[in-house]
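Listed after this line are the structures, all set down as structure tokens.
Both complexes shown next keep chain A, but they swap its partner, so chain B is in the first and chain C is in the second.
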Partner chain A sequence: MWLKFNAHPDSRCWYVAWNPKGTLLASCGGDRAIRIWGKEGDSWECKTVLQDGHQRTVRKVAWSPCGNYLASASFDATTCIWKKKNDDFECLTVLEGHENEVKCVAWAPSGNLLATCSRDKSVWIWEVDEEDEYECVSVVNSHTQDVKHVVWHPTQELLASCSYDNNVCVYKEEDDDWECRATLEGHTATVWGLTFDPSGQRLASCSDDRTVKIWKECQPEEGTDAAWKCVCTLSGFHGRTVYDIAWCPLTGALATACGDDGVRVFKEDETADPDQPVFSLSAHVPKAHTQDVNCIAWHPKEAGLLVSCSDNGEIAVWNYQSEV
Partner chain B sequence: MEEKALEVYDVIRTIRDPEKPNTLEELDVVTEKCVEVQDLGEDEYLIIIKFSPTVPHCSLATLIGLCLQVKLQRCLPFKHKLEIYISEGTHSTEEDINKQINDKERVAAAMENPNLREIVEQCVTEPDD
Partner chain C sequence: MAHKSEDLFDCILMADDRFHGEGYREGFDEGTRQGMIDGRKHGASHGAKLSMEVSFYYGFGITWKCLLQNNTDVKSRKRLKALESLLGLIQKFPHEEPHYENLQEDMEKVRAKFRQVCSLLNVPTDFSDYVKTGGSGGISF
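This part shows the complex of A and B:
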């Protein structure tokens, strides 16, 4: 059961995100615009178009945990922070500093920190104070290539990033500075997306190598840093690059967005050893869109509701029903 | 399948080389044989192109790859997925170039760079466009 609508006419829709309450959707694309969508009866209506914030493609958007701010990351090398004022958004500030395209922006659950990453190979961590002032507190250069995505841990101040260099990096704050604590190697091609499981104990990554990997933090031996091990690899399921992955905070189901135009949902086998998890394909929509699916996101409140977007400019809302 | 391959070849053979006043066909950068088409089912095809750049210069090879991506995305009338590679053995940094050419995010960003865009447009625009 689904609903589809054309969000970004004549261009790619790169990303779509639910606000924390699940009442709005923000989408962004190759037309350099950000669109905010609200539900009107059975359909989604465009409430606002933010057209002049960026001079190039808007690659990702992210809502602050309180839902009052929206951050947008663009190929124009800037990140815009927008403040919601009723149905409108006003550009509060523009974060500059990256040398070239910003590929991702993410808010920490605390709401006080923001992370951005770029083709310039760096990850920047920004602090925001009560007066809405943003300050860059760390620039970390752990990747050797274009950094594609950053994601925060759901409960701890821990950050993960993934890159064109095929690796995933995990960062922690040490003495007021952020540093890379672990490098997760294993994928054989660009890693495009990352998502933590609801507890934050595991991380899932998806790649151009057409696999999904599940990583778990291992208990460290005395005196050494925690290490992350790959405890599961899902291969043979995706026909092309897996561009995005999302772990449902309500049900634990794992959804993927693929370059073969398909959307898939994986469920974890509850009887398996937690250190050797087993996932099986629970649902597959082979032609979810007529072109590559770039993004997939679970609704924050309503279990089973998913949104995806595609190179053809469309957004689709899905209802996933798992057989209990 | 051969018909489809010819359709694809017809689109790419007139692309102009970024440096020389010749088409990719004239310079043997692309040939009929360099196009492979696989049926993905439901009227969709996988197209694999292996091109041979004339000089070992890395940025020119990526530029040709970019031209191929752009022209095919614009001009192919049927549903397709595309893979573009440098012919094996023609280049020392093959893997690096292939990775860049096939990263659609990198391709999109490159086409937003005014200088690169201008060069690509000049290479892919047909004289009577």
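This part shows the complex of A and C:
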């Protein structure tokens, strides 16, 4: 069961994000615009268009945990922070500093921290204070190439990033400065997306090498840093690059967005050893879109509701029903 | 008698090898000398560039520290902290040690810290106008 609509006419839709309450959908694209969609009966209507915030493609959007702010990351090297005022959004501030295209922005669950990453190989961590002032807390250069995605741990102050250099880096704060504490190697090509499982014990990554890897944090020996080990690799399921991956916070199902135009959902085998998880393909829509699927996101409140967007400018809303 | 005739033939037969060997040794020595000269030039220029960058950050840091140290507001204190951190990273740098194994890593840390400080101070990071290579330009008063 699904619904499709054209979100960004004549250009790519790069990203879609549900607001924390699940009442709004934000999308962004190659037309440099951000669109906010709300449900009207059975269909989604465009409530607002934020057109003049950026001079180039908007690559990702992220809602703050409270739902009142929206951050947008753009190829114009800036990150814009928008504040929600009734049905409209106004640009609060523009974060500058990256040398070139900003690839991702993410809010920490606490709402006080923001992370951005860029083609300039760095990850920046920003702090927000009570007066809505944003300050750069740290600049970390752990990757040797374009950093594609950053994601925060659901409960701890931990950040993960992935890059064109095939690695995933995990960061922790030490003495007011953020440092890379672990480098997860294993993928043989660009890692495009990352997602934590609902408990935060595992991290899933998806890559240009057409696999998905599940990583688990191992209990550290005394005095050494925690290490992350790859406990599962899903290969042979995707025909092309896997661009995005999302772990459902409600059901634990794993959804992927692929360059072969398909959307897939994987379910975890309940009986497997927790240190050696087993995932099986539970649902597959081969031609979910007519072009590359760039993003996939689970609804935060309604189990089984999924949204995806594609290079053809379309957004599709899906209903996933797992047979128990 | 037999000994003498062997020597005589040796001279002729081994001439090729001998000249080959001598030529090789001469070439090797010459190459080593030239290599040292080139290497020294390369090292000097690379070292100069690196020093120029690090010293720039240091001077930048000290200047801003002087400008801000009498301010007591929260913002300035945060900036001073970041500046101190930058200066600290530079001071820890082993300036005399070209074989320092963490050179690249530490330089990246210094550069990253510099970018963060610039962001806090609201100062652009592009300093290429100030760094003129090859000794041309320099400081004018």
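Everything that follows uses one rule, which is that the second predicted complex is superposed on the first by the 324 of 324 C-alpha atoms of A that agree within 3 Å, B and C clash if a C-alpha of one lies under 4 Å from a C-alpha of the other, contacts with A are read in each partner's own complex, and residues count from 1 in each chain.
Everything that follows uses one rule, which is that a residue touches a chain if its C-beta (ideal position, glycine included) is under 8 Å from a C-beta of that chain, and two chains touch if they have at least 3 such contacts.
This one's a predicted model, so the numbers in the text were calculated from it and none came from an experiment.
> Which partner does A:176 contact after superposing on A: first (chain B), second (chain C), both, neither?
Only chain C; A:176 stays clear of chain B.
> Going by the contact rule set out at the top, does A:21 touch chain B (first), chain C (second), both, or neither?
After superposing on A, A:21 lies clear of both chain B and chain C.
> Report for A:141: first if it touches chain B alone, second if chain C alone, otherwise both or neither.
In the superposed model, A:141 contacts chain C only, not chain B.
> Output check: A:229 vs chain B and chain C. Expected answer is one of first, second, both, neither. What do you get?
The answer is neither, since A:229 touches no partner chain.
> If you stack the two complexes on chain A, which partner ends up touching A:103: first (chain B), second (chain C), both, or neither?
Once the two structures are laid over each other on A, A:103 reaches chain B alone.
> Name the chain, either chain B or chain C, that contacts more residues of chain A.
B
> Look at A:301 in the shared chain and tell me whether it touches chain B only, chain C only, both, or neither; answer first, second, both or neither.
A:301: touches no partner chain.
> What is the shared patch of chain A, the residues that chain B and chain C both contact?
none
> Which chain B residues qualify as touching chain A in the complex?
Residues 42, 79, 81, 99, 103-106, 108-109, 112.
> Contact residues on chain C for chain A in the complex?
Result: residues 78, 81, 85, 108-109, 111-113, 115-116, 118-120, 125 of chain C touch chain A.
> What does chain A use to touch chain B in their complex?
It is residues 12, 30, 56-57, 59, 75, 100-101, 103, 119, 146, 148, 164, 189-190, 208, 240, 259-260, 287, 290, 292, 311 of chain A that touch chain B.
> Could you pull out which chain A residues touch chain C in their complex?
96-97, 122, 124, 135-141, 176-177
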